[in-house]
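Look at the two complexes coming up: chain A is in both, with chain B in one and chain C in the other.
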Partner chain A sequence: MNLQQYRWFLVGIVVAAITGWIVFPAALYERIEQPLQFSHNVHIGEAVGMSCTDCHQMNAGERGAAIPAVSKCAECHSEAIGTTEAELKLVEDYIKTEREIPWLVYSQQPQNVHFSHIAHTGRANIRCEECHGPHGESESLRPFERNRISGYSRDIWGSSITRVGNAPWEGKKMDDCADCHTKRGVVNSCLKCHQ
Partner chain B sequence: MQTNSKQSRYGMLIDLDRCTGCGACMLACAVENNIPPAHAGTTDRTGLTWMRVHRVEQEGNDASTQTVYLPLMCQQCDEHPPCESVCPQKAVEYDPETGIVAQIPVRCLGCRYCMTACPYHARYFNWWDPSWPAGMEKTLNPGVSTRMRGVVEKCNLCHGRLQEAREQAAASGTSVVAGETFVPACVEACPTRAIMIGDLADPESEIARQIKTPGTFRLLEQLGTQPKVYYSSARQWVREQLQRTIASTRTEVLNG
Partner chain C sequence: MNHRISRRDLLQFAGGSALGLLLSPLPWKLLDDSAIWTQNWPWNAEPLRGPVSNLLTTCSLCPSGCGLRFRCVSGSPISTHGIPGHPASHGTLCPAGLLAHHLRYHPQRISRPVRLAAGAPFVEATPLTTEEAFNAIGERLRSSKSTVVLDARPDRAASEVLKQLARTLANATYVPEHTERERTIRAMASAFDQPVKISFDLSSVRTILSVRAPLIDGWHSPDRAAAIFDRRAGTGSPLFIIHVDSTPSRTAEVADEWVKVHPGSEMAFVLGIIGALLDEGLTAPETRQRARDFAELRSALAPVSREWISAQCGITADKLHVIARRLATQGPSLALADGQPDPSGRSSALHAAVACLNLLTGSYRHRAPVRAYRGSNTESAPSLDAISDGSVDVFLADESISGSTSTEHLLAQKGSRNCLLISLSPFVVPHAAFEQIVLPAPAFGEMLTDVPGVSDDGRETLSVTIPAFRSQEGTFNTVDLCAALLRAVAGTADASPSTEELIKDRIASVLKAGKGHVFKSSDGTIVPIGSLSSSEELWTELTAGGAWSGDQPTQRPTGSFRLMRSARPALELCEQERRDSRSRFTHDEQSAPPAPARIVDPILQGTTVISPLISKLREESGLRPFHPEAFDQASSSPVSVKPSKA
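The block that comes next holds the complex of A and B.
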């Protein structure tokens, strides 16, 4: 076989593969910075010593209810405690003006999906880490990655575009939810998860 | 292994002798389920009326003609729902836990086989993208997603309310009780309490007792689809005529 003859064909394959697997996925997601840098680690560490439920109320409620309101932060940050820029921004831009922080939720599901924390963390006693990984101990907030076509968060798919080598908690596609349900004997009817 | 609810069969019983035809159920249904105001050019056949009150007049034209109002929505067929078996997309599903025949609009491709198959004309097609007058979108129900042009929708027995009831039940360690913690919008809105919701699988429930009383019937029972919506009337002509005429077209039903 004369490779010379297939030269352009092989070049084409390589270009297509690079475009398909690297360029397109990179271009597909736009990176948006969170409105405020926030460190979970500072708050759950020894200095402050808060527990997850101090800030995250896992009750029944509307979507997004698990994120603490600014009034929670104001309990300690009515005046700046430290000297970091992020904290100053928190005090000046949000607490003093009583504005809510427009957090971008990494695990945000599409609008037609219904999810209830309390059934999972309460009755079924599933730990936060099983679905969110180590976010609760993170030092800083990574940029939120939004799919330019669907508008969905990248976390729904997971960081690896091939879905190979994703951590077990990564990815919350329909099948990921359904797999755990099947394993635990939860009936997967459409209207359970869809609204 | 855990199962989060026992097997239920949610059904309804509508007392036609109490229905005054006021239409409060239609309005409550539309508000609850984010149904947009009718688009310009909407006709009798192209609107979205998951719950629709038909006016039926007694056949025969003598002076003593009587009228009955018939609230009609998805009849939640319990066996071989015709819409489910014709769907090429699996966008219609029979929920084994609740008996609800579910329509999943995001999966629907808009072929409308189900609309043809439904003997009750209880399914509706979105001929237009939904739109709300400026400011009114703030009143939308966050628990029910809006649908796009080109898909079919129908009554899902206020599944948004069922999900909310489930969530409350999970929070308080109880379980959902149809008629108490789970009440569809039409049931709640009816000023004469003509509509009742309950669990047909629970022999202790009020509805299970009520459907055994004389005067209770279902529409097109002879088709064998075992609808879970029951009607009742003490008037014989109502029972006889409704079982007959519902088979004809929508407009004919309207005119009786």
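The block that comes next holds the complex of A and C.
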């Protein structure tokens, strides 16, 4: 077989492969910095000793991620604790002005999905880490990677473009929910989540 | 070396690129992302945001009165759930109840009166002003020689207002509509010499003979249908179901045995079973003692030969005897029927024949599935069958709860040539036979109504549906409409009580009687009614998803009954057909293609307008699978769907 004869075919494959495997994934997501830096590790570490649910209160009726309101931060940070830039920004820009922090939520689900945290953490005894990984140990907030087409976070798909090799906690697509429900013997009816 | 890029090279490059892309994640990820992108178009509706709350109430879509919890966002219901522990439903809901909050958005919902010509489709409805509508209605009611006030949900507090309207209007008759279960109850009750209350308790039954009854699709409450599934799955006491029908259905699929009879021969089939019971002496001893016309029934059946019945039904006499023996020996057994009211009276005769069969097998005895107690739970008002054919000038149908009447073809028989159908309904449901004026009613979730009923063990029950949505402007509830009609037609200007006052009166009388218990949905407890200090407290409980149930009746009817009261209509119809030598199943019909599968909707028993999403969920999601291929439609002999259990 004369490869020279098919060189342009092979070139096409290589170019497309580079586009599909390298260029496309890089171009698909835009990186947006969070409005404020925050260390989960400092808060749940020994020095402060808080738990996830001290701030993320999982009201049974709430949708979404139970992101704490700035009033929650104000319980401890009514005055600046330390002199870091983030601390000063928190106090001056948000707490004193009573303005909510426009967090970019990594695990934000589509509007048509109802997800109850309390049903999963309370009733099914699923630990926060099982879905959110070591997020609670992070020293800083990584950039929010927004899918330019769908508008959702990269965390919904997972870091791997093929979804192969994703960590167990990565990926929050409907299939991931359904797989977990199947594994745990929970009913998988449409109306369970799409209420 | 030639470096020119030829057309062939370009084509090769394009082909290679296409292959390369297919082998990369790009097209597959694009598919997924673009699908999600379409969900976020700005013109797509967005779910409500706001505080989440729960509203406990009662479903009034059918008379079962299931406990209902609306999950509300910003005060608007967005999903519906059952209430665990509720005595009528134990947390179960049917597909209609599950999407009941959709009904106010139904495509056929109206917010102003409309006029519809006979046979016209929904889209040709002409809007009217309220004044135009009442002028037209008033004129027709004043000139009507016969008006029928049709109550699609009798026994409510508002039903009294409809009766009052019928008494006030000239030449008007109040006619309650009944579900199939109620029609079977009436047929059973009519056999007894003394007034009896009838209820059905399927928990004790071992063998069910279902004659076209949609046993798992709305004949009973969702909770009881679920219990049948549990028993079929082996998690309860054994239950053997024989389903008699000419076409496949979900109940036929679930049944142990589907007896495929010729279309329209169900009544003859039941008479065949009765004959087999009499031939083999398998009737209950108590029935032989108490029936005043046992011998008369035997002689009346004599001319109806077994061969004629076999030919009518398309099954052998042996098969009839096998089924009869099972009913008699594998009891407690129960026969049920379904047949939409029809002009020929065939449906009524079928119900009556099935009542006779239940009496012969002793299904009414102590701890048997037919619970008979002294008293009466059937209206003395005439049924639609009793109205003369072609005599009705105006039908005034209160369909505000059910959405539509279930007796359309019977209306066509009873209406005169220029009959007008005035409907009070949230929806326009065209009735082909007549010109219609539809007055808009509040949809489910917008209206206040009481939901009276009878439990399996014969207790009277009462619960209340409260509005979860604000009612649309320009809609009428039953009480409003009756008051407006009385003003327009009879010039009556009396201030009539509101729906709330009527229900409160009913609740006060329940409290005054001091009997029974109240289910409190707030904590799931059941307390004696005596523990409630005032009717206001009872009102509070019932409007918060609670339910009252009376004391269980204990006095059983000890008197005699007449089998021929039940059997005569069927025998007369059969005799007429036999005399006319008219076979209901001719050669032509035999060679005709099989009838399409009948997917019985649970709503047929209570309401006929449902969320459009239900059919999608039911028919496409596999939540309620139906496998027509499981049925041997080519065969005209009885088909055993599943291996018979001993």
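The definition used in the following text is that the second predicted complex is superposed on the first by the 192 of 195 C-alpha atoms of A that agree within 3 Å, B and C clash if a C-alpha of one lies under 4 Å from a C-alpha of the other, contacts with A are read in each partner's own complex, and residues count from 1 in each chain.
One rule holds in what follows: a residue touches a chain if its C-beta (ideal position, glycine included) is under 8 Å from a C-beta of that chain, and two chains touch if they have at least 3 such contacts.
All of these numbers come straight from a predicted model, not from anything done at the bench.
Asks: Evaluate whether chain B and chain C can sit on chain A together after superposition, giving fit or clash.
Replies: clash
Asks: Under the stated touch criterion, which partner chain does A:G45 make contact with: chain B (first), chain C (second), both, or neither?
Replies: neither
Asks: Given the touch rule stated above, what does A:I118 touch, chain B (first), chain C (second), both, or neither?
Replies: Only chain B; A:I118 stays clear of chain C.
Asks: Under the stated touch criterion, name the partner, chain B or chain C, that contacts more residues in chain A.
Replies: C
Asks: For A:S189 in the superposed arrangement: first (chain B), second (chain C), both or neither?
Replies: Both partners.
Asks: Is A:F24 in contact with chain B, with chain C, with both, or with neither (first, second, both, neither)?
Replies: Only chain C is touched by A:F24; chain B is not.
Asks: By the touch definition at the top of the document, which applies to A:P134: first (chain B), second (chain C), both, or neither?
Replies: After superposition on chain A, A:P134 lies in contact with neither partner.
Asks: Counting only touches as set out at the top, which of chain B and chain C does A:V15 meet: first, second, both, neither?
Replies: The answer is second: A:V15 touches chain C but not chain B.
Asks: Given the superposition on chain A, at which of 57-65, 255-263, 291-299 or 561-569 does chain C overlap chain B?
Replies: 57-65
Asks: Which residues of chain A are in contact with chain B in one complex and with chain C in the other?
Replies: Residues common to the chain A contacts of chain C and of chain B are 62-63, 111-112, 114, 189-191, 195, listed in rising order.
Asks: Would you pull the chain A residues touching chain B in the complex into a rising list?
Replies: Chain A reaches chain B through residues 59-60, 62-63, 111-112, 114, 116, 118-119, 122-124, 184-187, 189-192, 194-195.
Asks: Touching chain A in the complex: which residues of chain C?
Replies: Residues 5, 8-10, 12-21, 23-27, 29-30, 32-34, 36-37, 39-40, 46-47, 49, 51-54, 71, 78-79, 98, 617, 621, 623.
Asks: State the interface residues of chain B toward chain A in the complex, per the touch definition above.
Replies: Residue positions touching the partner: 1-4, 93, 95-98, 100, 102, 104, 106-107, 142-145, 156, 159-160, 162-164, 166-168, 170-171, 173.
Asks: Can you list the chain A residues touching chain C in their complex?
Replies: Residues of chain A touching chain C: 6-17, 19-21, 24-25, 28, 61-63, 110-112, 114, 147, 149-152, 157, 161-162, 189-191, 195.
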